[in-house]
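As written, the chains take the letters A, B, C, D and E, and residue 1 is the first residue of each chain.
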Amino acid sequence: MAQYAWLIPLLPLISFALIAFGLRRSPAASGWVTALAVLGSLILSLSIFAQALGGGCVQSVCIDQSYDWIPLVGSPSLAIGIRVDALTALMLVVVTSVSFLVQVYSTGYMRHGADDDPVETNGYARSYARYFASMSLFTFSMLGLVLANSLLTIYLFWEGVGLCSYLLIGHWHWRPEAAAAAKKAFLVTRLGDFGFLLGILYLFSQAHTFQFDQLAQMAASGLIGGTALTIAMLLIFCGAAGKSAQFPLHVWLPDAMEGPTPVSALIHAATMVAAGVYLMARVFPLLVHSDLALQIVATIGAFTAIFAASMGLVATDIKRVMAYSTISQLGYMMLGIGVGAATAGVFHLFNHAFFKALLFLGAGSVIHLVNSNEMFASMGGLRRYRPVTMLTMWIAALSLAGIPPFSGFWSKDEILAAAATRAMPLYLAALVTVFMTAFYMGRVMFVTFYGEFRGDRHTLEHDHGEPMSMTIPLIILAIPSLFTGLWGAPFLGSGFAAFIEGPGAPEVATRLDVVVLSSALAFLGGLLSWGMYGRGSFTIPERLTAQLSWPHHVLMDRYHLDHLYNWIASRVVLGLAWLAGQFDTLIVDGAVNGIGARTVQLGSVLRRLQTGQVQTYGWVLFAGAVFLALLVALPIVTAGHL
Amino acid sequence: MDLLLNLAIWLPLAGAVLIAVLPGNADRSARWIAAVISGVALLLALALAWGYDPNAGVASPLGLTSVPWIPQLGIGYVVGLDGLSLPMFVLNALLVFLAVLISWNTTLRPREYFALVLALETAVAGVFSALDFILFFLFWELELAPMFLLIGIWGGARREYAAMKFILYTVAGSAFMLLGIFILYLASPAHTFDMLQLGSQRLAPAVQSLIWILLFIGFAVKVPIFPLHTWLPDAHTEAPTAISVLLAGVLLKMGAYGILRANFTLLPDATHQFALLLGILAVINIVYGALVAMVQGDLKRVIANSSISHMGYVLLGASSLTAIGIQGAVFQMFTHGTITGLLFIMVGLIYDRTHTRAIADLGGLAARMPKIAAIFIVAALASLGLPGLSGFVSEFLVFLGSFPVWGVQTILGVFTIVLTAGYMLWVVERVLFGPERPEWAHLGDATGREMFAVGVLVAVIVLIGVFPAVLGNVVIAGTTPIALRY
Amino acid sequence: MPPAAPPLYPITLQHGLILGALLFAIGIVGALTKRNAIAILMSIELMLNGVIVTFVAFARHAIPSDLTGQVFGIFIMTVAAAEAAVGLAIVIAVHRVRRTVEVDAIDTLQG
Amino acid sequence: MDTNLSLIAPEIALGVAGALIILLDAFVPGGLSRNVILALAVVGIIVSAALALPLAGLNSFAFSGAIAVDTYAVFFKLLFLSATLLVLLASTSLLDSVARFRAEFVGLLLLATVALMLLAAAHELITLYVALEMSSLSTAFLAAWNRNDGRSVEAGLKYFLLSAMSSAVLLYGLALLYGLAGSTRLDTIGLAVANTPNAGLFLAMALVLAGFGFKVSAVPFQMWTPDVYEGAPTAVTAYLSVASKAAGFAALVRVLTTALPAAQADWAVLIAGLAAATMTVGNVVALVQSNIKRMLAYSSIAQAGYVLVGIAASSPRGYSAVLFYLLAYTATNLAAFLTVVAIIRLIGSERIADFRGLRQRSPWLAFALAVSLLSLAGLPPFAGFFSKLYVFSAAVQSGLIWLVLLGVLNSAISLYYYAQVIHDMYMVPPEGGGIAPLTVSHAVSLAVAVAGVLLLGVLSGAVLRFDDLAALALAR
Amino acid sequence: MVIPVDFLVAGGFYTFALIAIIGAIGVVAAERVFHSALFLVLALGGVAGVFIVLGADFLGAVEILVYVGAIMVLILFGIMLTPQHVQIPETGGPARVVSALVVSGAVFLLSLAVFLTSRWPNSTPTPSDVPSTPFIASGLLYTYAFPFELASVLLLIAMIGAIVIAREP
């Protein structure tokens, strides 16, 4: 099956091309074509997954094939290629399945678009077809990314998903906030990619190859290593940090919530943002040879986890809470990789993809209902209107909070166990995060679904239920949120690790103390949130906010980091640019114009000698003759020659 | 092949003369003639490209024509194409054809306009195919008068200043170049202007340095390299759309082409000596151009300064003196021509509709002009080096080649991609996105003819971005002889 | 024939040359200072005479039995005559149009 | 006495034609009509040219060495004849405006051309001097021809006074040469002074340079040029700027190479200095001119500077380049001036600012002027590009790199004021209407000049062959 | 007492030279153009005398005939035909005089230096008692016949031109 892997990204690309060049005018078709194409990919992915699961691949690599891409002078061509191994197969399934469900969901969700999206053709929003074109393109890029067999290839698609993220965040481009958020997302990830690209270049200058397997061999045999490897890994981590919104490059992700909610679910929760983690997992065979790089990855991951979770505590926009939560969870995954438990990180990625996509789609469901993102101002008591949403979201929320036996518990626990073994301070941070996570998830659930509805009643009046296309994906996503964790459960044989790392993988270490502690903290967090938000009135939190107004303000203002970045961008960078611009006009151009003006001035001066008085001319004539004579004759005369 | 080549060079000039002598009120037929002639020239160029054999070797350029012309001075009419010039030659034919299409509705003195555009095509084609240095210089200067008039007559508000600045800068630069050519002639044992012969000898390093500097000044003005660049934003801003396209697309390439063709090929020792200087100038161009672009309020000025920045990558790649870097430079010459050309066309399309280029006055155009917006975004993305579009291929090669040699410069160059993304996306945000504005409500999207023109460019950009090998083998054939010298 | 005894009071070539130079120089002063065009013309005649004196001096001293210098002098006089005719004709024409022959006033063409 | 009249047949033919026109006009009742005068003159010129052509390739003397008969002389004779022909054909309007004296005008023009032809051929100091004066005096008359126009007579007076002063200077130099060599024959002088380079020779050289410097308007002897060019009738200005100047160069080069080869190193330096000053002053002052004739006057000063660059190269290649330069310059400057003649008549103004929008009023005139200005600026494919190319290439070969650098930079400067005119003609809307009425002969002469500008350069391979021969004739 | 020929020659030269120089200075210094003309006659006479002393007797005669007889008459006519309505000083201001003196002094001093330091080919004077006329005649009619003829054309040009330019309308 794996030899047909190239078909997987191709199908969405075809659907993109179809929409871009023809189906634009019939929106309904564009939605279904996209969904169908992704379904095709999903089926192919599942078959490859089955092959991999069944041990159908040699040493867990099913295919690794390169194609010449850029011919070079005097050296072998630069190649791009695909590689299918267990990790790829897993990611393929994650991407195609979530993508498929999101596409289906989107056919319902996006039909009427945003409130300011004019409805044009056949009752479909004007931007409907464009949305699916972008989604197809994204799915293509994301699949290409996971199939990549080399750094160069992964970089190509890496930028591709970045582009789609840009286009989709800015999907409602007439909203200034959306346009700004799109730009911000692109630029911040670009900043990370600056490091990524340098890392690729640096690694190439050391190793003369981009291919993962060759790089891994060279690292294993010590051909590359030491400081060079550390530098390269850290540079590449810059890219991963940008994409996966790790501190300090996390600032774009909360803003990215300006995009349509299915986009957030697919791109900014399940797949693209996980690409950074995937990348680190891919280069993990190199990473392990640099302790410093590992430590930095782990530290940043842990810090990001707690840092983002803390902001999630106070956010009032339901999607932003999810976004902080995503950042925080990505931090967990990075922590996992950093402490050497790459498989655990990937496992968490896998679980997270489903429950976070579910959370977002659920959030989308309620946003669709009340037409607002604000939990406190516009929601409350929605369990009566969207019971299925509430139920499925509870599953995801418990999974996220790490309550056993939901899927998130298992993967998080592996990471915590590894951290506890390897880096105690980071472990403690992660534990705090567990508590916070449970708290803010509980907060979201209680505030949204319980108590009384606090928004404008009129918005609920024309609620005719939501289309099946939106409900069914929620239900489907709830299944993996419930069960996938068991695949990695130690007492069931740690099948996940065996699958990823192949036969002979070291046994996953389990630490009962960690299990107990983290579960307890999660319960406590949930309990606390129930205590504060679960009883319909928010007097406690309000009092707390009033008493802790300064920390609250800091958290609400995202630790002022956005201000700092804005300051750097508008003062430092634009200031430099302004200086350069002034230099250009005044100095460089001024010098040139000055030369011109001086020349003309000289002309005016010389012109004044031309008095019109004929004897002046005569004088110059004689003087010129004398001057010439002096030049040649005088030396001889004075030398006394002849 | 030699017949094809000469036809491709001279046919446009013949067309220009034809348009000029057309009787009476032939304004409408002028554009048809221009379209047909430039179309045929494009086909001829493509036919030449089709018949190009990458393995032909340095000594036998495609369509080599060598006729003694002014034997007293050893000047010959020698033209021919190799891997270095062929892409530029085709690019020229392509862009002129597209330029004719996008200036279809020129109402001001269309006959003169199209005649001059065609004359310009011959001049530029001549520069890229000349293998005799004097002939090269002749074509180089031949381009000035049409360009001067094209900017000066059909340009914007400050067209006169811009046209004058353009011509004075170039002439001042080529003054040095001419001197360099003479000294090269005298210094060469063979006393010849024939580039093929000149390339087969090695001069004393001191003489090489002198010639190198003189030639470089001439080329640097055209590229343009800091601090000789300030004519470019003015010329770009004032020139009509199609002329900006040609200016960015091929005229700037003449400078970079000259550096590769003359300085690199003929003066290897001096090139070694000045490589660091070149590398530093390159990175100044890159960073400085990007910074200046960030603070421009005029859409065209942004693109023009980004053009300066992007031409810096050509220099960066070349200055590394590595095979990959030089290859990247040649790639970048081609891709920059298509990408910046496309950007200028898009700006032109917007200007045609809104009659303003002030970024502050624009906004929300995507709602009314989705096609223009889409292509504009594609062009902007290509410009900021998005993979899958041609700009990435060339920039990546440049970095790949230059990183081992010029670490700091390359890092700055890579960083500038972020800056580029910054101002490009800022422009996209401010011009295309944002609330729909009532004053643009009546404006229409791109017409079929315009879409064809930009579609061709987009196709080329995507084609090269996805299958660089299309261009790769030709470029390799052109780069190898240069790379072998270092 | 034995060489002639050197003269007691020799009038050498230099005497003639210096006289010529003196006349030439005085002529320059006149040509550059006189305000009447005709007076300038006369000063130029002085300069020419200085040149003729130079020619004659050379003719006497330079090569025996070759009086080309004198012949040249005759030509100069002829040309001077023609020059005077031309000059006066133009001066009269100027006077007719401008009612003056003062060169300071004849400076409408300038710059 | 070798009185082989066939050797000076061209001059005789032209002189006879000139005299005949004047005499016939005096004796035919009512005078000759304009066209008859022109026809006679054209016939005279053509006959003269026909007689001159066979002399090419000869290498001899006439009249005891007074006149050299060689390719060099023939080249210039043909050059002057063509220039005169074109000026004559284009001066139909001038001839109409000076109705009473047009026969005399044409006659004097032809006689002046005879003088120039002899100047180029003169191989002896007396002949040289007489021919020079002959040309100067007749030119002074021609400049003052519009005798009721204050500017014209002022130009005549200035030209006359300054040429008299400068010829006195020249004469002084010739006297010293004679004194040093004891002969007036150039080749004898060359031999005689070869072994005794002394201060006298250098003084003579400087004075001779000054004298010819006036004729060719080299800085600092150029100051008459703008005033006279502006004041003189435009056709006369055209004649002055090409034929008279070229003759000055012809004689200068012959004197320098034949009589002063011993001091070559010294005069080459002086001339290089003159060239530098001439180019720069001419171009820089031209930048600030507003009158087209005055601007072209400064431009022609600058052009003289480029020619001097070729002389400073002091090599056969340089002289050959000088000849080509003069040829190209003649075609170009004639095209410019003859166009200006027509334009001035159309718009009644000499101000460059009034040339605005000329393209719409008279596209072909605008085109002709644009072409000639671009050629003067040295842009390809026009003749001016090639002529500069050759001159500079020769100078580089002689090691004058600094001078060539200055020269090429100067041509960059010059482009500014040339382009300014083109800008006014092509890029600014017109302020008046009307098409310039061109007589057929004027149109023909303009067309020939423009064709020369367009073709001379491209065909310069053939032209240079002739130039090389002519330059070689100097080094007999 | 026999006065030596040398002394006569020397005395004649200095006398005539002095006359010429006084005349020349008079031309330049005179305040009326008419006086200048008279001084010019004096100067030309002195020059003619110098010619005779230097053995150019024919030239001396021609100088008197052509210059004093023809050119001066022409100049006097010219002076009379161009009456000045306003009497203005003949000579320009002090600045002009000084600058003219500077350049003329430079010419003179430079010439002086050259004349005194250079060696000239042959300094033996031709005897001044040999009549020069036959030599000149043969020169004019034989060696320099061509410029001689040319001079006639020159005079023709001058005549025609003068008629056209100067005659009253």
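What to note about this one:
Definition applied: a contact is a pair of C-beta atoms (placed from the backbone, for glycine too) under 8 Å apart; a residue touches a chain by one contact, two chains touch by 3 or more.
Just so it is clear, the structure is predicted and the values come from calculations on it, not from any experiment.
Chains that touch both subunit C and subunit E: A, D. When chain centres are set by their Cα atoms, the one at the greatest distance from subunit C is A. Highest inter-chain contact count (C-beta pairs) belongs to C-E.
Using mean Cα coordinates as chain centres, the one most removed from subunit E is A. Among the chains present, the centre nearest to the common Cα mean is that of B.
With each centre defined as the average position of its C-alpha atoms, the distance from subunit A to subunit B rounds to 36 Å. Work out the mean CA point of subunit A and of subunit C, and you get 97 Å between them. Between the Cα centres of subunit C and subunit D there is a gap of 27 Å. Mean C-alpha position of subunit B lies 66 Å from that of subunit C. Annotation for subunit C: residues 13, 17, 24, 27-28, 31-33, 40-41, 57, 62-63, 66, 68, 71, 75, 79, 82-83, 86-87, 89-91, 93, 96, 103-104, 106-111 touch two or more other chains.
Within subunit B, contacts with two or more other chains are made by residues 168. In subunit D, the positions touching at least two other chains are 126, 129-130, 133, 137, 140-141, 144, 147-148, 153, 156-158, 161, 165, 179, 182, 196, 198-199, 203, 226-227, 289, 416. Under the contact rule defined at the top, the touching pairs of chains are A-B, A-C, A-D, A-E, B-D, C-D, C-E, D-E.
Residues 125-126, 129-130, 133, 137, 140-141, 144, 147-151, 153-158, 160-161, 164-165, 168, 171-172, 174-176, 178-179, 182-184, 226-228, 230-231, 289, 294 of subunit D are the ones that touch subunit C when the two sit in their complex.
For subunit D in complex with subunit E, the residues that touch the partner chain are 1, 3, 8, 15, 19, 22, 62-64, 66-67, 101, 104, 107-108, 111-112, 114, 118, 124, 126-127, 129-131, 133-134, 137-138, 140-141, 144-145, 147-148, 153, 156, 179-182, 192, 196, 198-200, 203. Against subunit B, in their complex, subunit D makes its touches with residues 320, 374, 377, 379-381, 385-386, 389-390, 392-393, 396-397, 401, 404-405, 408-409, 411-412, 415-416, 419-420, 422-423, 426-427, 460-461, 464-465, 468.
By the touch criterion given at the top, residues 92, 96, 99-100, 103-104, 106-107, 110, 113-114, 117-119 of subunit E touch subunit A in their complex.
Across the interface of their complex, subunit B is touched by residues 68-75, 77-78, 130, 155-160, 163, 166-167, 170, 173-176, 178-180, 182-183, 186-187, 190-191, 194, 197-198, 201-202, 204-205, 569, 573-574, 576-581, 584, 588-589, 591-592, 596 of subunit A.
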